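Would you mind keeping the following structure in view while I ask a few things?
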Amino acid sequence: MNEHGHDHGYVADKEAYLKRLRRIEGQVRGIAKMVENDTYCIDILTQVSAVTKALQAVSLGLLDDHLASCVVDAARSSTDEGEEKVREASAAIARLVRS
Amino acid sequence: MNEHGHDHGYVADKEAYLKRLRRIEGQVRGIAKMVENDTYCIDILTQVSAVTKALQAVSLGLLDDHLASCVVDAARSSTDEGEEKVREASAAIARLVRS
Amino acid sequence: MNEHGHDHGYVADKEAYLKRLRRIEGQVRGIAKMVENDTYCIDILTQVSAVTKALQAVSLGLLDDHLASCVVDAARSSTDEGEEKVREASAAIARLVRS
Amino acid sequence: MNEHGHDHGYVADKEAYLKRLRRIEGQVRGIAKMVENDTYCIDILTQVSAVTKALQAVSLGLLDDHLASCVVDAARSSTDEGEEKVREASAAIARLVRS
């Protein structure tokens, strides 16, 4: 239980998210290695696109979990809480779309 | 009132959305005119990026309206309906992020 | 021949680009029709993502044509012209990536 | 000098790229720490968007360097080499735009 009085949606899949993030961390280290070894630019760019896609998938997962738990719970508890959570989620979606 | 038993979130702003879409339609026509007139490629690309941003803003607005009305209403009516609406919204967000 | 002393790369495919742009224009009109008819938000969002993808494909085509003609020609004519065209192309790519 | 017979464009800025990649690697580790600590979903999403933007900037830099060196050099050496490098660069741009 956290300061929001309930577990965040992603907590049930915490280990899966941590595994994916460790893999992404390793991929970023791998890109640095490619730069160190003067690897051909296009090959580095291909790897960076792969990491961006992996991060995107993490974001979409977290967002889905957030909508399904925090936003739905807030909608059920009060109109104001529901509106605040939707406002927050929409701002996060805008950042994600524009990144 | 529509087949979902309530007005969609965007209906209150319908005129604003229609105005924005007409403007986007005009911008696309303008891009075609640039191509017809052998305009410099970079200038055309600048216009296409502007139209893409305008479309993105329409999507983010519709999504925010959808979350605030359809998804919140469903969450309040039943667990199953809430889950279905969140699943649908997350799939739409994924398409938006990946387009 | 235009003010840049050569045909832009896309000119050879002008009809194909015009056909795609007319189709996109029709799709935007179709989205406005959906809004007028109180169509379900998710279905409208699906159409907007399709239009965004179609615009993206137009941009990538124009960019490829631009690199293959304007940028390559400039690179062959002088170092300064080559650098200016690359600078311009990179700025257009950044706008495209961030839109 | 590498197997392509010249230094890749980014080699002159290698240290700067390595510094940025190490920072990104640290940010990804930071996100994992947030997940471990049950941090609020929206705050994690904000961080992921920041990392995605940082990666995007690395890609745009590498692409600019690549156009200014590898593609320009190839354009000057032969038509075939120029075309091949443009084809490759356009494919990398498409992956970047779609990631």
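For clarity, chains are labelled A, B, C and D in written order, and residue numbers in each chain start from 1.
Simple rule for what comes next: contacts are C-beta pairs under 8 Å (C-beta built on N, C-alpha and C of every residue); 3 or more make two chains touch, one makes a residue touch a chain.
Keep in mind that what you see is a predicted model, and the values were worked out from it rather than measured.
Think of each touching pair as a link: the shortest run of links from chain B to chain D has 2 of them. Of all residue numbers used at the contact between chain C and chain D, over half are used by both chains, marking a mostly same-residue interface. Rounded to whole angstrom units, the spacing between the C-alpha centres of chain B and chain C is 20.
Chain D has its Cα centroid 22 Å from the Cα centroid of chain C. Averaged C-alpha coordinates give centres for chain A and chain C that are 30 Å from one another.
Counting partners per residue, chain A has 56, 59, 63, 89, 96, 98 as the residues that reach two or more other chains. In terms of inter-chain touching, the protein chains here make up one closed cycle, each touching precisely two others. Here chain A touches chain B in the complex through residues 56, 59-60, 63-64, 67-68, 71-72, 75-76, 82-83, 86-87, 89-90, 93-94, 96-98, going by the rule given at the top. On chain A, the positions that touch chain D within their shared complex are 2, 4, 7-11, 14, 17-18, 21-22, 24-25, 28-29, 31-32, 35-36, 38, 40-42, 44-46, 48-53, 55-56, 58-59, 62-63, 65-66, 70, 88-89, 92, 95-96, 99.
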